[in-house]
Structures are given as structure tokens and as C-alpha cells.
């Protein structure tokens, strides 16, 4: 057997709290989902007046980031994004329908080098969703650093 | 146009907080979702160590309670539950696949006589899910009573 | 709680009536759906002899316009349409399968600055669907102006 | 963060090897899937000449056993099976369509009291699927006992 870390509800809420504060600061209405390594929601919040499409899309972004171990904007970013027409994974965006999100807003939660979850953010443009998602990662990093754990806080994460 | 009330994120979180405390008190691991009148999640939490099937099922219960305006256990309770074999709505449980939950754990949020959302609880047995779900309703009722709003806090709700 | 406006059936029918008249005037066979803020149909009509694919597509357009708060042609219009290959939301069109429409024919219903529903039109080309959909918005604007409500009647709506 | 155990591929193969031997011994053609705590396949084998429906069903059984933390025959066994008409979870079988299996053949993998995966078996009757599935659990128990880990090997598992 392997031993692996798992996010707690308390940590997920701390991440969402930081994300929501960042969203309020930059004035964007977001849904934020924190998921486990299997892509299952631990906690999710949709800000007042934000889109009803938010939860479904935020969950998909979190699932994809955690499950495919990649920031979701790395799938479709020019020129090498693998899901772009002409590139070799063009078509993978149709797999696992409704759950495989290959555009900006999903970020893996990587602790001590291992993906243990994901954050999905839906509601803003790419820059906004990225600011909000990485705020969640930064809050977790801050929270865990005293115990000697390292969390990746960059936007571009690929395992 | 009609004017209708809408739950805020703050109210949804207050409901989840009360529900989670009740779950801790009666020692059961639950996922709790609070949804709006369209069945879309406002906030959701999955307790540590609880089932990964929780979010999907809790969301379905909340959706059905809000959207069909009925506590979900009223669908399948003996002897008149309409989805029981021999009763006239037997089969409705296959509609809107994956989202129409016709068993215990979903409760409409009724404010001043109107359904404005739902609570879905998944993880315990019927008695436990009901205790947790109605704790959420009671917390909302307490919170809104000073403003003169009435919230139904019974388990059996049908509009 | 927040208080929000909700379209009535009478208003939805008035919108459809205006849309259908416009369709007859420009000689195109359309299905027209008016949906609420959660994307659920309030009223829908399919003109004689029009396509059987109309209802499913018109509902998707209305859902997306209402739920994502954007005219659906703004998703795919050159050169900045966010779902075009190379742009940042390329891939969002695969979310919420069968319901997320990212091409011309869906328009949010915005009253006093808030999205309270959507209109989805399917059957014609882009110019025709737009003429029909905005006719529905204009009819609502006319109907509500005496009560001091403002309705956006432009084709390009983004919240 | 919590720390949890995770099955390795080597352990999953060892479980399948034992299960397949049992199937050969009792002369039944089976598909056997071993999944992780999120219900995702670690390893799967379909015996020569066995049914093509096997993989989909075995995966669903493994998913449900792991994700809902219960041997799948406990859902529908007379008289207390919760999904039987008249019992309180009648209807849960329609959740997570195609993945939630509420009949014999799925068994949680419980190590030191925690569910860390599941085994799904499809191809035989209930007695056969149970013999094959519990053979997998017994093999894992044997393998891990020298390291001081306890694995539940009964057929009836409920957390």
C-alpha cells in the first residue's frame, strides 16, 4: 500500500474563503469548488448573483485538474495546447462528457509533489479565474508551511 | 412580473453550519447541499471521511425538493408514496436521470409559503438525514424570524 | 434574502407572440422558447412546418443566455469569441452537454440590470434568429416601460 | 491533511489473480475490477468467453462498493434492503446513472477500518460472484497481515 495525503473539509473551506475574498477584491462573481484526488467535491460556494452555470463548470474544472493532473488552461493555450485543432489531443475534450474541462479555471492541488485535489473556478475571464484559483492555492500553502508541507502556487501546473 | 425571494450565500452557509453541527452531534457523516429555486447549488460541504457518492446524491435531493416542491421521502413512503409500484407516479424516478431523487434526504426551503430553494442531505439513514436537513431549515427559520419571515421546519413538506 | 423579479407566463406569451409575428413577417419558421432565470421553460411555441430539432435547440439557447448571462452569439463570433480555437474559453461549449449553446439565437432577458430569464430562437439563420429574438425583448420592454422597468433590447448582451 | 492508504497496482493484480482462480475452480466466467477509494479502476480482467457487459457492470459494482462503503447486495436483499419498494432508500438505485449498482457483486476493500477501494465482479450468479469477490479480499488480507494490516474478508460489509 501507498500512503497519501487527503485534504480536509477545514482546508477546503479555508481555500474557498481566500478565493472568495480575492474575487470580491477584484470585483468578479465566481463559483469556487474544491475537490479531492478523485474529483469529488469537498466544498463549493457560489457567490450571490453569480451564474447558475457556475457549479457544474467549476466542478468540471476541479475534476479535470485533479484527475488529469494539469491546470486546465494548459490544454487549450496557443500554440501547443494539446486540444487545439491540429494538435494531437484535439478531441479529448469530448471524453467524460460534462466533466472534462479543457479551458482556464481549474488548478491541481499539489502537496509535496503529489496531486491530492483540485480547485475549480467559474464566473470570470481567464485572468480573473486564475487570480481567484491561485489565491486558494496560496492560502493552502500558507496554512501548511508550518508543518513543512510544500504546495505549488503557480498557475501553470502539470504533473 | 412577480417579485420573489432568493437565498443568499450567507444564509446557505448558515444552514449548512447548523446541519453539520447536528450531524456531528448525532455522529453521522454527511454531505449537505443548499440549492436555489432552480436546483442550482449555492453551497455544499462534504464532511471528512464521508462517502464520495455524497455530493451527487445530495445535489439531486436538493434539486428535486426545490424543483418538485416536495420533501423527497414523500415520494416513496408507504403506502401512498406515488413512486411505489402500483401507485400512479411509479416511473417518475427515471425522469431527469441522475437528478430526480425520490427518497429521504431532500427538503424544500419554504419562506412565507413559497419554495425558494432546497436542502439535500446524503450519508446517513432516513432518520439521520432528516434530523440534519431539518436542522438546516430550523436555523434559517431562526435567522429570518426577526424580519417577520416564516420558514417551514417540518420534515413533511408538500406544495 | 434578496428579492428578485420573475417573468410571468403572460409576459412570456407576449414575448413569443411578438417573436412569432416577426418570424412570419420575415418568412422564417422558428421555435421560440422563453425561460426563467434558472433556464427552465416558461412558454415555447414551434411554428407549423418548422424543424423538430427546434425545441431542444431553442431551450438550450435560452438556458445558456439566462444561465450564463450572455447573448449566445457572443461566444463564437470572430475574432474574439471566447469559444473559438485559440481563445481562452475554447472548450466551454462541451460543458453541460446538450444544454450549453454557444452560437447565435439566445438572448438574456435583462430587467433593471438583472438577468431574469432568456429567449432562445431556433430555425433561421443568424440574422433571422436575431431579428426574432430581439423582437421578443422589444415587446417586453414596451410592455414594462409604463411601470418604470428598463429592458435591454440590443442583440449583444453581456453581464 | 489526513493520511490514508491507497492500493497499489501490484495488490490489485494479486487480488484479481486470486479471484480468477476461484472463478476457474467453480467454473464461472467473470469480469473482475479492482478500484480505488474514488471508484476508479486500478486493474480489471475479463476471462475468455465471458460477457461483454462484464466490464461496465463490474466497474459500477466496484465504484458503488468503494464510494458508498457497502457491499452492493446489502442494498437489495430481502427484507431490509434499503432499495426495495417500501424501504427508505427505494430510488437511490437511479442516482449516478450507469454507475450506482445496488445488487450482488461489489465489495468494499476495508483496511484497518477504512474503505480504500472496492472489488466488482460480474458474470455469475450471486453465490458465484460473492465467492469470487471475497476470494480477492482474502488474498489481500493474507498479503497484508504480515505488515499488521487488517482486511475485512466477510461478504457483508457496511461502513
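The letters A, B, C and D name the chains in turn, as written, and every chain counts its residues from 1.
As a convention for this text, a residue touches a chain if its C-beta (ideal position, glycine included) is under 8 Å from a C-beta of that chain, and two chains touch if they have at least 3 such contacts.
All figures in this text were calculated on a predicted structure; none of them were measured in a lab.
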| item | value |
| --- | --- |
| Pair of chains joined by more contacts [C-beta pairs], B-D or A-B | B-D |
| Centroid comparison with subunit C (C-alpha atoms), farthest chain | D |
| Copies subunit A and subunit C touch via same or different residues, half shared test | different |
| Separation of subunit B from subunit D, taking each centre as the mean of its C-alpha atoms, in whole Å | 31 |
| Between subunit A and subunit B, centroid-to-centroid distance (C-alpha), Å | 27 |
| Where subunit C touches two or more other chains, by residue | 2, 37-39 |
| Arrangement of touching chains [line / ring / star / complete / other] | other |
| Complex contact set, residues of subunit D against subunit B | 2, 37-39, 64, 66-69, 85-86, 88-92, 94-97, 100, 114 |
| Residues of subunit B that touch subunit D when the two form their complex | 48-49, 51-53, 56-57, 60, 72-73, 75-76, 78, 83-85, 93-94, 97-98, 100-104, 125-126 |
| Residue ranges of subunit A touching subunit D (in the complex, touch as defined) | 1-8, 11, 36-40, 111, 116, 144, 149 |
| Contact footprint of subunit A on subunit B as seen in their complex | 8-9, 13, 36, 38, 40-48, 52, 54-55 |
